[in-house]
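So that you can tell them apart, the chains are marked A, B, C and D in the order they are listed, and the count of residues begins at 1 in each.
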Amino acid sequence: GQATSGGKSTSSSSSSSSSASSSASKGGSGKSVTIGFSQVGAESDWRTASTKSMKGTLSSKNGYTMIFDDAQQKQENQIKALRNFIQQDVDYIALDPVTESGWDTVLKEAKDAGIPVIIVDRMVKVSDDSLYTAWVGSDFKAEGNKACEWLKQYADKKGIKQSDINIVDIQGTIGASAQIGRTEGLNDAVKANGWNLVAQQTGEFTQAKGQEVMESILKSGKKINVVYCENDNEAFGAIDALEAAGKKVGSDIKNGEIMVMSFDSTNAGLTDVKNGKIALDTECNPLYGPRVDEMIKKLEAGQKVPHLQYIDEAMFAKDNTIPTVTAKNAKGEDTKYDVTVVTDDVIKGRSY
Amino acid sequence: MEDVILEMKNISKTFPGVKALSNVDFALRKGEIHALMGENGAGKSTLIKVLTGVYDLEGGSITMAGKNIVNHSPEDAQKNGISTVYQEVNLCPNLTVGENLFIGREPRKGLFIDWNAVNKRSKKLLDDLNIEANPKKLLGDCSIAVQQMIAIARAVDQNCKVLILDEPTSSLDDDEVAKLFTLMRKLRDNGVGIIFVTHFLEQVYEVCDRITVLRNGELVGSYEASELPRVQLVAKMMGKNFDDLADIKSGHENKVDMNSTPVIDARGIGHTGTIHPFDLAVHKGEVIGLTGLLGAGRSEMVRAIYGADKADSGQLYVNGKKVKINKPLDAMMLGMGYLPEDRKKDGIIADLSVRENIIIALQAKKGMFHLMSRKEMDEAADKFIDLLQIKTASRETPIKSLSGGNQQKVIIARWLLTNPDYLILDEPTRGIDVGTKTEIQKLVLDLADQGKAITFISSEIEEMLRTCSRMAVLRDGYKVGELSGDQLNQADIMKTIAGSENGGSENAK
Amino acid sequence: MKKAKLSKTGFLLLITIVMFAVMYIAGMIIFQDKGFAKPQMFLNLFISNAGLIVIACGLTIVMITGGIDISVGSVTALVCMSAADVMENKGMSAVFALFLALIIGLAFGVVQGYLVTYLKIQPFIITLAGMFFGRGLTAVISTKMISIKNKMFLAWANEKMYLPFGYTNRHGVLVHAYIYPTVVIALVVVVLIQIMLKFSKFGRALFAIGGNEQSAVLMGLNVKSTKMKAYVLDGFLAGLGGFLFCLNSCAGFVEQAKGLEMDAISAAVIGGTLLSGGVGTVVGTLFGVLITGTIQSLITTQGTLSSWWVRIVLSIMLCFFIVLQAIIGGAGLKKKDKGKEKTAKATT
Amino acid sequence: MQSNQSKWSRITHAPLFMPIVCLIAVLVLNVIQTPTFFKISINNGVLYGYLIDIINRGSELVILAVGMTLVTAASGGQDISVGAVMAVAAAICCQLLTGGQKTSSTLAMPIIVAAIIGILVAGLCGAFNGFLVANLHIQPMVATLILFTAGRGIAQLVTKGQITYERAPSYKVLGGYIGKCPVPTPIFVAIITVIVMQLILKKTALGLYVESVGINGSASRLVGLNSTMLKFITYVICGLLAGLAGIVASSRIYSADANNIGLNLEMDAILAVALGGNNLGGGKFNMMGSIIGAYTIQALTTSLYAMNVSADQLPVYKAIVVVIIVVIQSPVFRDKIANASKKRKAVA
């Protein structure tokens, strides 16, 4: 019920449907829809929120029987789970893939068995796009593009030369798609805007590593004024390290403050935005349940669903120095994004 | 000299802190049995290991049939026609008897090992040597004696020119030794040169043609066996004259009071599957021997008393008080000590130093929270190194780098240090040189004089006759008799062991 | 007395197989309505684990010598990544990729084998370094995922081999049960290695070394070259297994096959291989893989556990299995010993 | 000259010589790359510098290495569950402190009580491992595999799958600083752990017992040692220490991150034991060696950060350095070098 951001977002892709807010039992018919859902794991709060959303929406109350499988971050487990679902004759398969690639064989098996597959969150790369029915998810590269665009405009507005931006990138776990997209977004912007990329090191999406890496970078004595953390947990660690070294964290780069940028926008992350410790937190929305529900309803009713559907994601800042940014979306089109100012209500509305 | 098949010249070998061999020469002729003699730690095993490539050759040369050879590994040695039984049984417990006999030279059918042939040939080999073992049985399940026989069988079955036997007879009984000797003579007649290491002088004179003596890593000399009397041989080994063993018992009076409460009184103690319920009483100051054929259950008997295998029937009284022993520590607390028969498996703690090996039992008895001070440990270790003349570079040397006999002495020291009231010695003289053997026998009698109760197990009946005041006889896991006083003679013992009226030992069958 | 003749290895293997059968049949009864009884469900165990089976076989070989290899997961990742990279970015053929996979495996085997055998470094540490190295090198090739789109490769990967039985699904479609060629390869490897272990000099030497390395030296076996060969063979099988793994996932990425070494080790151990060496069979290892696969499959079929309960239940079942095996194995062997002693006595 | 040489050889053959040389080598390498590496200054009222980082960040690893050394010595195997057990302890401690809340800035109970409960539960995990290894004779790596898999699941169960934050400033002390003390607290925790352990080893016979049991269990039993009990105890100690390390790690981030606390630390702990010159097959051990090994690993990680080695290549370097260290420590290699130089001298 607290899907505030879900409600706020509008599908950027062709789907013009308004989001169906409450899920009614499908078509009133007695038989429930069986759906096999293969989840990545439970490696972060974000993921846990995502699982909760799926389980909550696709519940027996709403006319579904869900077979849930946790893959423990292993692609091979997901492949096994999918094969299992096929043998169980499920009606639908929902897949939140550990990785983007490597799905050809098993998706073909599902197709042969006549089971529609809905991919959520990460995109899959397959040789034949008809192997899955629909995809709904985030675009990590666009997230990176947006955040960097915001930084560029912020510097312009505050009269800071782009070449004076000395940025540190605390990357996510190397090879994770969120890391790849967000790092790419940054690398592009560094090239385009002439920023100095002082250091680039992985914080493995954790607070402890984020802290350790930040400490080490600080000791190198290089000048830093922006820290680009690829998730909230890393940002918390980086902030601790900065403060322990006597630096001031904030947006006032000109007066020696160090700006921290982050992704995910969890409850704790937004709290830090409000405190002024995180300058910009770019959202990554985990609430896929209602979207999948909506799609299945359509498919059951024999309607067509869009093949690709991006979840629109917000950006959060302490104030509205920059109210909107225009950046390239997943398809390379320039898109306008609003920046939301964090208030207590916004924080309260975050369930994860 | 024309028929010398193996000649070693100027062999030296140093270990950290020890010069194990210095400039030793050795020659072996075709078709002779050549005894290699010396005290514990004289360097016999080391010489053999240098010869067979276990250790690198540091200096000197080895020639075989006039050709210079260098063995880098036992594999090379085997290729050069030298096959060896090393001092400690060295086979693989996880493989079957048959495999142990044939590994590395398995009969094959095409590409594959022919298991039928392995088993058949093993069976034949075992039968030829009268070894009681099923080729398909796991080696680890065989007793040490059988394992030793299997190691010998493996070595002799290879068509070798030189056969080396390093103390092969230490766990064998007379029958088996006799079998081995028959075999050795046969091989000799076929022209094989045999190097034979043993501490049993009788055996040397029974089969050997020549004798080479080592002392402290140096060559004393090589002699024709017929020209070297026993006394001189011992003198050469020890470097001093030596009074014969025969009479150590005199001077020790038998002060045992058979009417006193026994120190140990086992009533109906037994362990299912290994030893049937038996009664045994041991008094203060008494040395009681256990005798029987190989596998008669002597070891099992003492293990059941000591709690090494928890007894599942009967009661044990210590000094008249009924006690319950669940584990060895209980027995130790009641004043017992147990020197196990398998030194390598149950005795030494290989990587620990001599000092630690000596004090470990006492320390265990004292408990974890009463660590002995370093000074106490050093004193204890030094005392026993001195007392038992343990040959070691220092008290901090790991026990594994001591010679076999010296390891045994360390284990004896371990138990003497705990000052037990009742001491069980299972084959304490195995692998120990003549001089030390006498020392140990004397020691046993001294301990008895001090009022300790002792149970003594040995494969040598003479040795037991010299030390024991009473003997219990076992057969097939049953205690079948007890002998004392005048009954203590070879003939009576044999009679009881055999269980028949005609006396004399028969085959185990 | 027939049973007493069973060797320790045979006895452990028997336990493993019986326990697998019991578990699987129980699953078929409990989850009858959920497709667990379908033949394809069983075949899927092989399809999804073909790579793991081959890798675990290699690991079993080094474990029999008393060694271990924890680099296999990383080697798999490296193999997948290199294969993906040469096919997608360098335009090489799938045959070349297979060749490369085997070369990589061999290279790991040779280097690790040399360090373990000739410099006598502890295998755990060397292969731990190998694990770091392989994973790092994977990232050096590319930190991005590479999807394999090579035609020939996909043809290999998707070549279903239909079996003459199947079932009719809900939509009325008759679905033939099928396997992939990878399964055949894996089973052939199992059979070949089992024959090698049982019937070749090399195979028996492996057991001798694991039983007592020093004795093996003194018995005149060439311990060094045997151990070296064991590691090389293990590396080769890791390369081959990695390639089969790749055929299943058709991609290369840094995090791939993480923790695969633990799966392989536990499969081998459940199958009756001792980490201390000297005991083990690859048939047992195969069943080890099937058992862990079945446990996973049971959990997936059940389908209502939350993420953390999946882990907990998985390990409870693993624990149950290992403990049961330890108890049955321990008790059985003890009883057998006694039986043996009695026979020995009877013949005396 | 002669005595000089023997003195030198005595030093080079001391058990701690190689581990220390390796640590120094790693540090020296840094100075070349990063001249400021050894600089220690007071910054913001606390000690500041790479060296401090190494000692500080290495604390958990040191604590784990101490426990791992004992376990290795007694059972000849390793406890691979320590990382997961750290997470369990952290989860319990934080959950107790927040009173079941996801986030809290007050304390629901005294920190010391929560920490002790967390550590005790970790000890219980150790006891479970110990029971499997000592009483049921399951191979250590397999026995601890169970908690390795289940541990993080249990931790997540405790934290309900989320990260629990305890933001009360006093909770940060253990991972941060005590009042105005310029030295990070984890350093004290590590030092105290080491001192306590050294005292135990010096004042009781535990060390000797453990070595003895690890070398020859059956002989140890016959001299009155209870090897089952001793093995069990080492696992309990290892568990307790893992718990302590978990609490320190959790205090650093004032939260319980079930997925990441202690992740992969078990491998580093085992590596530390091996780099310290210990035999992973059990028996004699060298506690100080393991501790130096732990700092060596941390120094390596910190230096690679300092040199800004790109993260994806990090494992490659780590692997190379590890191999170099173990190779130069290997007695075979040292013998070869010694022989070569002897020959050269002989020629000259």
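As a convention for this text, a contact is a pair of C-beta atoms (placed from the backbone, for glycine too) under 8 Å apart; a residue touches a chain by one contact, two chains touch by 3 or more.
From a predicted model like this one, the values you see are computed outputs, not experimental measurements.
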Shortest path length from chain A to chain B (each step joins two touching chains): 2
Pair joined by the larger number of C-beta contacts - B-C, A-C: A-C
Chain B and chain D, separation of their C-alpha mean positions in angstrom: 44
Distance between the centres, which are taken as Cα means, of chain C and chain A, whole angstrom: 36
Distance between chain centroids, defined by C-alpha means - chain C, chain D (Å): 30
Touching two or more other chains - residues of chain C: 139, 143, 254, 306-308, 310-311
Chain A, residues touching no fewer than two other chains: 42, 48, 51, 174
Residue list for chain B, restricted to those that touch at least two other chains: none
Every chain pair in contact, whichever chains are involved: A-C, A-D, B-C, B-D, C-D
In the complex, chain B residues that touch chain D: 306, 308, 327-329, 332, 338, 340, 345-352, 356, 360-361, 363-372, 414
Chain C contact footprint on chain D (complex, rising order): 76-78, 132, 136-139, 141-143, 145-150, 152-157, 161, 267, 270-271, 274, 279-281, 311-320, 322-323, 326-327, 330-333
Complex contact set, residues of chain C against chain D: 115, 118-122, 124-126, 128-133, 135-137, 139-140, 143, 254, 262, 265-266, 269, 274-276, 306-312, 314-316, 318-319, 322-323, 326-327, 330
Residues of chain C that touch chain A when the two form their complex: 34-36, 38, 40-41, 44, 47-48, 84, 139, 143-149, 154, 157-158, 169-171, 173, 175, 180, 245, 247-260, 293, 296-297, 299-301, 303-308, 310-311
Chain C contact footprint on chain A (complex, rising order): 36, 39, 41-42, 48, 51, 66-70, 72-77, 79-81, 83-85, 87-89, 98-105, 108, 112-114, 125-127, 173-177, 180
